[in-house]
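Below, chain A partners chain B and then partners chain C, in two separate complexes.
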Partner chain A sequence: MIPRPHVDWFALAPELVLLGAMAFALMGAVLLPRENRRDFGALAAALGFAGAFVYAIVVYVHTPDVHSVIADSVRRDRFGALAQVIVCGAGLLTVGVSYAERMRDEHIAEYYAVLAAAGGGMCFLVTANNLMTLFLGLEWFSISLYILCAIDRELEGSLEAGLKYLIIGGFGSAVLLFGSALVYGATGELAFNRISAAIGDQHLSGDALLVAGLAMIIVGLGFKASAAPFHMWTPDVYEGAPTPVTGFMAAATKTAALVLTLRVLREAFPQEAHLWTIALAAIACASLLIGNLAALVQRSVKRMLAYSSISHAGFMLIPIAANNAIGARALLYYLIPYSAMSVGAFAVVAARERELAAPVTLDNLAGMGWERPLLGVAMGTFMFGFAGLPPTGGFVGKFYAFSAAYRHGWTWLVIVGVVATAVSLYYYLAVVRAMYMRPAAELQLSPTPVAGGAPPRDALLQTSVLLALGATVASFVAVEPLIHVAKHAASALPF
Partner chain B sequence: MYGFSLWLVGLTVVVQAAAIAYAFWAGRTGARAYFGLMLLLTAAIVGVFTAQDLLLFYVFWEAMLLPLYVLIGVWGGAGRLGATIKFVIYTMAGSLLMLAAVIVLGLSQGTFDLTASWQSSSDWLFLGFVAAFAVKAPLFPLHGWLPDAYRESPPEVSAVLSGIVSKAAIYGFIRIAITKFPEPTKDFRTVILVLAAVGLVYGSLLAFRAPDIRGVIAYSSLAQLGLITFGVFAVNDLGLNGAVLQMVNHGLITGSLFLLAGGIERRATTGEFARLGGFARGRPILATVLMTTGIIGLAVPGSSAFAGEFAILAGVFSRGWGYSVVGAVAIVLAAMYMLRLISAVLHERVGPAVAPEALDLRPGELGAIVPLLACLLALSVWPAAITERSFAGDRAASAVTNQFRVAAGRPRLDYILVGRSVGSEQQHACLKKYRQALKAGRYGEASSLAETC
Partner chain C sequence: MRGPDVPWYLAVAAFLFATGALGVLLRRSPLIVLLSLEIMLNGANLALIAFSRLHGESSGQIFALAVMAVAASEVVVGLGLIVAIARKRLDLDVDKLSILRG
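Now for the complex of A and B:
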C-alpha cells in the first residue's frame, strides 16, 4: 500500500474553496432552470473568490515561517499567500465585470465554474514546490483559460483565440515539461530546494543538461507571462477572447506566472543565477522594446492593452532579473496595482464595447470621458498608472523595480526602463486624449442602445471598476503598509 | 522650508487664486472638473516648493504634469492636441531622466532626505536633474514646447504655466542642482550661463518678432527665465537674491499679462497684432492696467523688476562682465518688445477685429488682475522685502552652499509656535554673534564665524 502523506488542508484552503465554487456552479448549470443560471453561477464564483481571498489572507497571517506541506510538494508561505490574494482579488473583480457581459445564457454557469477553476489553478501554481506540482498547476489553469477564451461562440474571433491559445500554450507547456524532465535527469530531484542542494552537492553548476533544462523552463514560463519573444499569441488572444476574460488573463495569469518564475529560479537554481539573471534581463528588454513599439501603432484598444501587458511583463521581469530581496518586494508590490489596473481597464473596454456593440478603437472612445464620468476618470487613472505617473501605485511599482535593478548594479537596465516608460506614455495618453479631448460629435458616433435604454446590469461592473480604481490609488497612498506586507512575503524566499 | 520657498508658495497661491477667479469669471464649461484640476495643480506646485524629500519632490513634480495635460488638452484652443503632445513628451523626457537620477542618487546616498548633508560629485546625476529643470523652465534650446503650449492653453492656464510652473524648475536648480552638486555646478556653470545668455537674447528677439500677444509673452518668458538662470548660476548673494525677487516679479507680471491677453482675445476674438489696435480709446481701465503691467515688465527704474534685474546683473558681473553686457542688451530688447505690444494693442489705428462696442475691463476681470498688480506695486516700493528675507543666515550664497543648514538657527515657524529652536543652543548663540559682527561691519570675523557655525 502506498503511504499517504499528511495533508495540511489549511494550506490548500484557497484552492479548495474555489474548487467548491466550481462544483456548485456546475451543479447549477445542470439542475437549475435556465433563467437562474447566470445569477447562481456568478454568485457561486463571487463567493468562491471572496472566500479564497479571505482564506489566503488568513494563511498569510498564520504562516510566519516557511514550511513544505503534503510530502514537500506544496510550499506554505507568505510569498504564495500574497500572490493568492492578488489572484483572488482579480478574480472577484472579474466576476463583477463578467456579470454585465452580454453572453448567451446556455453556458453561462459553466463560464463561472471554469473561471473559478482557473483561479484555483493559479492559487495552486503559486504555492508549487516541485516540478510536478508546478506543471500540474500550470496545466490546470491553462486548460481552464483555453475554454474561457473560446466559450462565447457568438463572439467573432473567440474560437480562433481559444484555438490559438491552445496550440501555442500547449507548445509552451510542452517546452516547460521537457525542461523539467532535463532538470530531473540532471539532478535526479523534483523538489525545488533539493534540486538546488543536488546542484551544490554534485557540482552540477554549468552542466549542459541542467542549463538546457533551465532555459526551457524559462521559455515555458515566458509563454505564460507573455514576455517577448514568446508573446506572439498575446495580441490575437487578448483581442479575440471575451473582454472580462482578457482582463483576468492580463492580471491573474501574469501574477501567477511571474511569481512562480521568481520562486522556481530563486529556490531551485540559485547557483545558476549568473545565467538566468542575464537571460531574464534580455527577455525584459525584448519585451519592453517589442511591447512598447507595437503598442504605439495600434488602433484597437484591446490590442494596445495586449502589447502594453507585454511591456509590463518586461517591467516586472526587471526586479526578478535583479535577483535580490528588494526585487522580490518590488515584484509583489507592483503586481497589486498592475492587476487592479488591468482588470479595471479591460472592464471599461468591456462596458464601451457593450454600449457600441462594436470593437473599441481609439476613435470610438471619443467623448466617453464626458458620457460616462466614472468609467472615464477610472480609465484615465489606469492609463496614468500604467505609464507610472503619481498618484497611482504604478509609479511606486516602477520606482521599486528600477531601484532593484540599480541595487543589482545594472544602471543600464534602469535607463532602458526609463526610456520605455517615456515611450509608453505616448500610447497611454492617446486613450485619455481620445476620451476627453475629442468631442463625440466629431465622429458622428451614436452609442447603439440594444433593446432600448441603458445597458443592463451595469452596477456590478461599475462597482468593480470603482474597486480597481480604489486599489490603484490606495496602493500609492498606503505604500508603506503594502511594502511591509510585500517585505514579509518576500522574506519567505532565500535571499 | 526656507525663506525663498515661502515666497514661491506665496506667489503660487496668489497667482492661482487670480487664475481661478478669472476662470470663474470666464465661465469654463465642465466647471467641477476644471476647478478640481486647478486645485490639484495648486497642491502639486505647493508640494514641489515645500518637499523636504527627494522622492516626494519627484512625486509632486510629476503630479504637476497630470492636471496641466488635461487642462490644456480639454479646455485649450484649436491646436491643443499637438500642443499637449509636445508638452508632455518634452517634459516627460526630462523628468524621467530625473527619475533615474533620483533612484541612483537616493540609493547610493542611502537617503532621500533633502535636509541631510549629503552631496554628490557625479556629473551624470547632475545632468539628469538639470535636464528635467531645463525643459520645464525652459532653457534654450529645450523650449520647443513653449510657444504652442502658451498659445493653446486657456489664458489662466498659460498664466500658471509661465508664472509658477517655470519657477518650480528654477527652484529645483537652487534647491537640488546647486545645493547638492557643488562640483558639477562649477564644472557646468559656464555652459549653463552661456545657454541662458543665448536664450535671453534669442527669446527677446523672437518676442520682438512675434505676431500675437501670447507669442510676445511666451518668448519674453523664455528670455526672463534665461535672466533668472543667470542670477541663480552666478551663485553669489546678489545673484541669488535677485533671482528670487525676479521669480516673484516674473510670476506676477506674466500672470497678469496672460489674463489681460485672455481679456483682449475675448473682446477681439484674436490676439494677432495685425487685427488689433486702438484698444485704449474709450477703455481707460484696460489701457491703464495693461500699460502699468507692461511698464513694470520692461523693468523701468523704480519698479520691482528693475530691482531684480539689477541685482542679477550685478551678481553675474562677478562671473564675467560679458554676461552683464548681454543682460543689459536684453533689457533694452525687453523695452522694445513690451512697448511694441502696448502700442500694437492700445494705440495705432483701430484694428479690424476691435468692435467699437467692445467693453472696458469688467469688475470680474479687475478682481483677478488688480491684486497681482497691487503685489507688484508693493514690491516696487519695497523690493528688500524679498531680497533680504529669502535666505537664512543673511547670506544667500553661504545658505545655498551650506545646504540651508544655517536655517536651523533662525527662528522658524515651530520656534514661533512652541517657543523652541530646532538648532542647538550653541549654534544659536554662534549665529547671533555672526549677525552682530555682520551688522558692525567686522566682515573678517563674520566669515570665520560663518565657517564655524
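Now for the complex of A and C:
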C-alpha cells in the first residue's frame, strides 16, 4: 500500500474552479447549438475567473501563516494567493475584452475554455513549491497560451505567432528543465525549502553543478517573463496574437513568471544570493535598455506596447534583484497597477482595431481621444501609468521598486531605472499626443469605411476598460491598504 | 550496479541536450525544430533519471514521467500548428515566417 499524501483541496480551490470552468466551456462547445456557444463560453470563463478571484481572496484571508501542502509540492501562503488574485482579475477583464472580438465563430467556446485553463495554470504556478510543480505549472499555462495565440486561424500572423511562441517558449522550458535536473543532481532534492537546506548542510554553495543549474533556471524564467536578452519572441508574438490575448499575456504571464522567480530564488537559493542578485540586475539593465530603445522607433502601437512590456520586466526585476522584504512588497504592489494597465491598454487597442479593421499605428490613433472620450481618457491614464506619473499606481510602484534597490545599496541601479523612465516618457506621451494633439485635418473616424458603418458600442469592453482604469487610479489613491496587503503577502517569504 | 556508471549517462544527457539546442537554433524546418525540442527534453529526462539513480531516490524518475506527458502535449499543439500552416500553404521554413517584423 502506497501512502497517499493528505490533499488540502481548499488551497487548490482557485485552480479547481478554473478547471471546472474549462470543462463547462468545452462541454458547451460540443453540446450547445452554435448560436449559444459564444455566450455560454464567455459566461463560463467569466464565472470561473470570478470564482477563482473570490477563492483566492478567501485563501488569503484564511492563511495567516505558511503551509506546505500535498507532500510539500504546493505552498499555501498569502504570497501565492495575492498573485492569484491579480491573475484572476486580469483574466476576468480579458473575458470582457474578448467578447466582441472577431474570432472564428465555430471555435469560440474553446477559446474561453483555453483561456480559463491558462488562468488555472498560472494560479498553480504561483503556488509551486518544488521543481516538478514549477515545470508542470509553467507548461500548463504555456501550452494553453500557444493555442490562444494561434486561435485566429484565418490570420496568417496569428498562426505564425503561435508557432514562434511554441518554439521559443519550448526552448526556454527545456533549458529550465535541464537546470532543474542539475539542481536535483547537486542536492538530491526537489522541494525548494529542502534544496536550500541541502545546500546549507552539505556546504554546496558555489558547487559547479548547482550554479549551472541555477543559471539555467534563471534563463528559462527569463524567457517566460520576456526579459532581455531572452525577449526576441515578444514583439512578434504580441503583434500576431489576437489583441485580448496579448493583453492577458502581458499582464498575467508576467505576474506569474516574476512572482515565481522571486519565490524560487528566495526559497531555494538564498545561499547563492550574491550570484543571482547580480545576474538579475544585469538582466534588468539589459531589458530596460533594449525595451526602451526599441520602443522609441515603433509605429505600431502593439509592438510599442510589447517593447514597453520588456522594459517593465526590467523594472520589476529591480525589486527582485534587491533581495529584501521591501523589494518583495514593491513587486507585489507594482504588479497590481501594471496588470490593470496592460489589459486596459491592449483593450483600447483592440477597440480601435475593430473600428478601423486595420492594425493600429500611431498615425491612425489620431483624434481618437476626441472621438471616443472614455477610451481616450483611459488610454492616456494607462500611458501615464506606464511612464510612472501620478495619479496612477505606476508612480508608487516605480518609487517602491527604486527604494528597494536603494535599500540594497545599489544607487547605480536606481539611476539606470530613472534614466530609463525619462526615456520612456517620449514614447508613452507620443500616444497621448497622437490621440489628442493632432491637427483637425488629420482627424479620422474611419479612414477605410467598414461595411455596415461604425461597429456598435461594445459595452463589455468599455466596462473592462473602466474597471482597469479604476484599478490603476485606485492603486494610487488607496496606496496604504494595498501596501499593507502586499506586506502581509511578502512576509510569507523567508527574509 | 551493472552497465556504465552514472557519469556516462550524464555525458549522454548533456550531449543530447546540446544536440537538441543546436537543432532548434540552426535547423529551418519546423518539424525538425520540434524534434530538436523533444531531444532537449529527453536529454533533461535522462539526466533526471541518472541523478535519481545516483541519489538512490525516486522523485527524479516521477519527474521524468511527468515531463514525458508534458512533452507529448507540447508536440500535439506544435504539430497541429504546423498542419494548419501547411493547409494555408505557407512555406514550411521558419526563416520565411516573417509577416511579423519590425
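What we mean here is this: the second predicted complex is superposed on the first by the 478 of 495 C-alpha atoms of A that agree within 3 Å, B and C clash if a C-alpha of one lies under 4 Å from a C-alpha of the other, contacts with A are read in each partner's own complex, and residues count from 1 in each chain.
Convention: a contact is a pair of C-beta atoms (placed from the backbone, for glycine too) under 8 Å apart; a residue touches a chain by one contact, two chains touch by 3 or more.
This structure is a prediction, so every number in the text was calculated from the model and none was measured.
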Superposition on chain A - do chain B and chain C clash or fit: fit
First (chain B), second (chain C), both or neither touched by A:Met437: first
Greater residue coverage of chain A in the superposed arrangement, chain B or chain C: C
Angle, in degrees and to the nearest 10, that opens at chain A between the C-alpha centres of chain B and chain C: 140
Chain B versus chain C as contact partner of A:Lys487, first or second or both or neither: neither
Partner chain in contact with A:Arg194 - chain B first, chain C second, else both or neither: neither
Chain B versus chain C as contact partner of A:Leu389, first or second or both or neither: first
Overlay on shared chain A, then closest C-alpha pair between chain B and chain C (Å): 25
Interface residues of chain A shared between complexes with chain B and chain C: none
Chain B to chain A touching residues, read off their complex: 30, 55, 59, 62-63, 65-66, 69-70, 73-74, 80-81, 84-85, 88-89, 92-93, 96-97, 99-100, 103-104, 107
Contact set on chain A toward chain C in their complex: 131-132, 135-136, 139, 143, 146-147, 150, 153, 156-157, 159-164, 166-167, 170-171, 173-175, 177-178, 180-182, 184-185, 188, 190, 235-237, 239-240, 294, 298, 300, 303
Interface residues, chain A side, partner chain B - complex: 370, 380, 384, 389-391, 395, 399, 402-403, 406-407, 411, 414-415, 418-419, 421-422, 425-426, 429, 432-433, 436-438
Chain A contact footprint on chain C (complex, rising order): 10, 13, 17, 20-21, 24, 30, 33-34, 37, 40-41, 43-44, 47-48, 50-52, 54-55, 57, 59-60, 62-63, 66-67, 70, 73-74, 77-78, 81-82, 84-85, 88, 90, 94, 97, 99-102
